[in-house]
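I've put the structures underneath this note.
Both complexes below contain subunit A, partnered by subunit B and then by subunit C.
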Partner chain A sequence: MSKKFWETLPQGSVVLEAGSSAKFKTGTWRSVRPKWIEENCIQCLFCWMYCPDMSVKVNAEGKREDFNYDYCKGCGICALECPGKKGKKAIVMEEEGK
Partner chain B sequence: MTTKPLKLRELAKGEDRFTHGHRMCSGCGAPIIVKQVLMATDYPIIASNATGCLEVSTCIQQYTAWKIPWIHSAFENAAATISGVEAMYKSLVKQGKIEDKQVKFIAFGGDGGTYDIGFQSLSGAMERGHDMMYICYDNGAYMNTGIQRSSATPFGANTTTCPAGDIIPGKPQQRKDLTRIMAAHGIPYVAQASPAHWMDLMKKVQKAFEIKGPKFMNVISPCNRGWRSRTDDAIMLSKLAVDTCYWPLYEVENGVLKITVKPKEKKPIVDFLKPQGRFKHLFAPENAAMLLQIQADIDSEWEKLQKLAAFYGTEEKQ
Partner chain C sequence: MGKIVAVTGNEACAQALKQINPDVCAAYPITPATDLMQRFSGFVSDGKVDTELVLVESEHSAMSACIGAAAAGGRVATATSSQGLALMWEMLYIAAGTRLPIIMPLVNRALSAPLNIHGDHSDGMGARDTGWIQLYSENAQEAYDNTIQAFRIAEHLDIRLPAMVCMDGFIVSHSIERVEYIDDADVKNFVGKFQAVHPLLDLDNPKSYGPLILTDLYHEYKRAQHEVMTKVPKVVLEVASDFEKMTGRKYGLFETYRLEDAEIAVVVMSSAAGTTKDIIDQYRDKGVKAGLLKPRMFRPFPYLEIADALKHLKAIAVLDRADSFGGYGPLFMEISSAVMSMDTKPAMINKIFGLGGRDYLPDQAEQVLDELVKVAKTGKVQTVKEYIGVRE
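Presenting the complex of A and B:
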């Protein structure tokens, strides 16, 4: 976002654009990354429901797709809550940069 | 407006009204709660926010995570602010200046902005009978400013203003039961919810929006920084809080209390305390009596709640 001066800012600290935080990518905070293993996924969507950063992408059919790594902060809630298939988790946490 | 069906697949196709890019800590419980609340309904919503983690990190100059009209004015007056917005809206509709789109009004506040600082404004708004809903996300301390105790901090918890050490073993006082205090206002709907039980939480939001008048909902919101737990256990801990009856899920509709989720098997409170570093000192041998007291208090509260449900005859409908 380009630098703004007081003359160009809206008065009273009003933010005129809804959902503008999407321009601020929080993915750089992450030190561990979730990995989605599609064959173990039962499409329960618990990861989507419990993600605090709205970083689980869901397509038009309501099926989950890969993570949105631009915003995922790597908390690991999805991996812990993932029921997986036959005891095998569909989301595992991996160290970033490996 | 018809009530939205709560099917995950259908919900997932909808648009988020609370978006990513907010700067809440990794693994915070509050954004999960806000997302679930806004997802539960298709009504247009206007929200106000008390100062707190949620406010400072979702709305930083030029960046907002909200896709709904949202206002913040001060710490103590989230309820007064939204009651003013609601009164203005009603007046404009009455004057014929705008058409009535069945807008719903929500105030979000943390436990500091609800239990302590915003309490008189909340109590006032409830008493005046505004058509609004107040949602408190209770993380049990002033987490935003560095984990100072609040009146929602549980007995025995270690915070920076009641540090566990040689003098005191954590917070010496009991937490206050705000949900029951709000129920004592005689308002049409009061509920307690947990983000782990999303269906229950969203049902309560839907129910509340169909009721005219002031509503209050208290939601447990794990904070891994303040609770000294791991970043991935927000949902696990809110589930444990319900299973140990530390945070029973119930609602009070027109004075009638009903327990909405009864744990299949009541777990010992130690299961909830153990993963949290703020209770670490309670497991030292000299504090064993405190653990027993916490368990005894929870048992008696749970007993009381069940007796009340039995009194109203709502316990069979589980």
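Presenting the complex of A and C:
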């Protein structure tokens, strides 16, 4: 007899697959998006450190690249913390759909 | 062959925990359960058990630590009463929803306000819907036996649910009675080796406990949780059967006393059942066909089995040692639900008794039986719910 869907769930809602949160893409929650302005970026990686998710991509050379918008909820912490260069922010928040 | 001793209910439960030797206990003292864990902490200090005893700063923390230890893969126990259980409230649901077989003697005590430290079932009834298995004990022997059986029931691989073993505060927890202890080796053999399911400490297979489950799956998880509760009675009976083979002491989902040919019956849980049985004997001697049903397993509630045991009666009195204010007593509600399935329904009355440790005396049982005789004769119920033993 085939099992009903609810019978196949892991006991006690334990998640048996490590790192499966990567599958949970939360980018659709966003109403404002961070925009990276590369010429103002000093590669301090504050944005990478402060990001509560994993929306700031860092390459093999340890340099940041553009945002991974699959996980960015638009919280704006990166833009707030960004020191920028000569008074110009390397991350600014823009309204979605504009 | 075990040993016959004179001990209190708390002492007997502490002995059961000592014989089972859990991996972790986390506890916070509260009257009347304090003495139980205090005795157990003595066993820890004296090296009689290997248990890691975590002394926490509240019952909320006690249950949280138990949940952590159980998720890590340990056999876990604690004990509490009253406000302590109330403070655990959110963690009780988490223990059950996460399917962690934690064992907790609950020494039943009234809830504030007014502040009162004595025995009634307000605490246990408040935890009715948490998803825990609940077994109620009439005396110290039953509290001891139920504690040992609870480990087997809760840890059964088809079940994996937490279980409360309830006994009446002071009346049972602090009264010295004759109790038969089972040999250490027999208890150890009976409960068996603990089998961890998805232990967090299995570092080669990392996993997460306590995820956020939203509208897409929560309903299905609750459906699965309901299903596992339906499997509990069978396991309770299997474990009781093995227990009887070991000790000769018989347990079921409930106990019946002179019920088979009875016309009227009292349904009552825990220590008050003992007093009631004596009065039933007196009424039997007078030719009144009276009987008793004492639920042992309150969660899950065996509706159909109890309905079958009560179906021949003319009148039933359900005695509740707790009130649901604005409703009938919690046990009465369950018995009413059981009666719903009967073709011919007996007349039913509900008595609230013994709150805050008010003595349940023989004359109260007599009063109930006298009323039942009248109700059975006329088929008429004057007042459904009434307080008895109340000062007027």
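Assume the second predicted complex is superposed on the first by the 94 of 98 C-alpha atoms of A that agree within 3 Å, B and C clash if a C-alpha of one lies under 4 Å from a C-alpha of the other, contacts with A are read in each partner's own complex, and residues count from 1 in each chain.
Just so it is clear, a residue touches a chain if its C-beta (ideal position, glycine included) is under 8 Å from a C-beta of that chain, and two chains touch if they have at least 3 such contacts.
Since this is a predicted model, take the numbers as computed values, not measurements.
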item: Three-chain arrangement built on subunit A, subunit B and subunit C clash or fit; value: clash
item: Touching partner for A:80 - first (subunit B), second (subunit C), both, neither; value: first
item: If touched residues of subunit A are counted for subunit B and for subunit C, the larger one; value: B
item: Contacts of A:49 with subunit B and subunit C, given as first, second, both or neither; value: first
item: First, second, both or neither for A:7, with subunit B first and subunit C second; value: second
item: First (subunit B), second (subunit C), both or neither touched by A:18; value: both
item: Partner chain in contact with A:26 - subunit B first, subunit C second, else both or neither; value: first
item: From 2-10, 38-46 or 74-82, the subunit B stretch with C-alpha clashes against subunit C; value: 74-82
item: Where subunit A meets both subunit C and subunit B, residue numbers; value: 13, 15, 17-18, 20
item: Residues of subunit B touching subunit A in the complex; value: 8-13, 16, 18-32, 35-36, 58-68, 195, 198, 230-236
item: Subunit C residues touching subunit A - in the complex, by the definition given at the top; value: 97-100, 160, 197-198, 205-211, 213, 217, 220-221, 223-224, 227
item: Of subunit A, residues touching subunit B in the complex; value: 1, 4, 13, 15, 17-26, 29-30, 44-46, 48-55, 58, 60-62, 64, 68, 70-71, 73-77, 79-81, 93
item: Residue ranges of subunit A touching subunit C (in the complex, touch as defined); value: 5-7, 9-18, 20
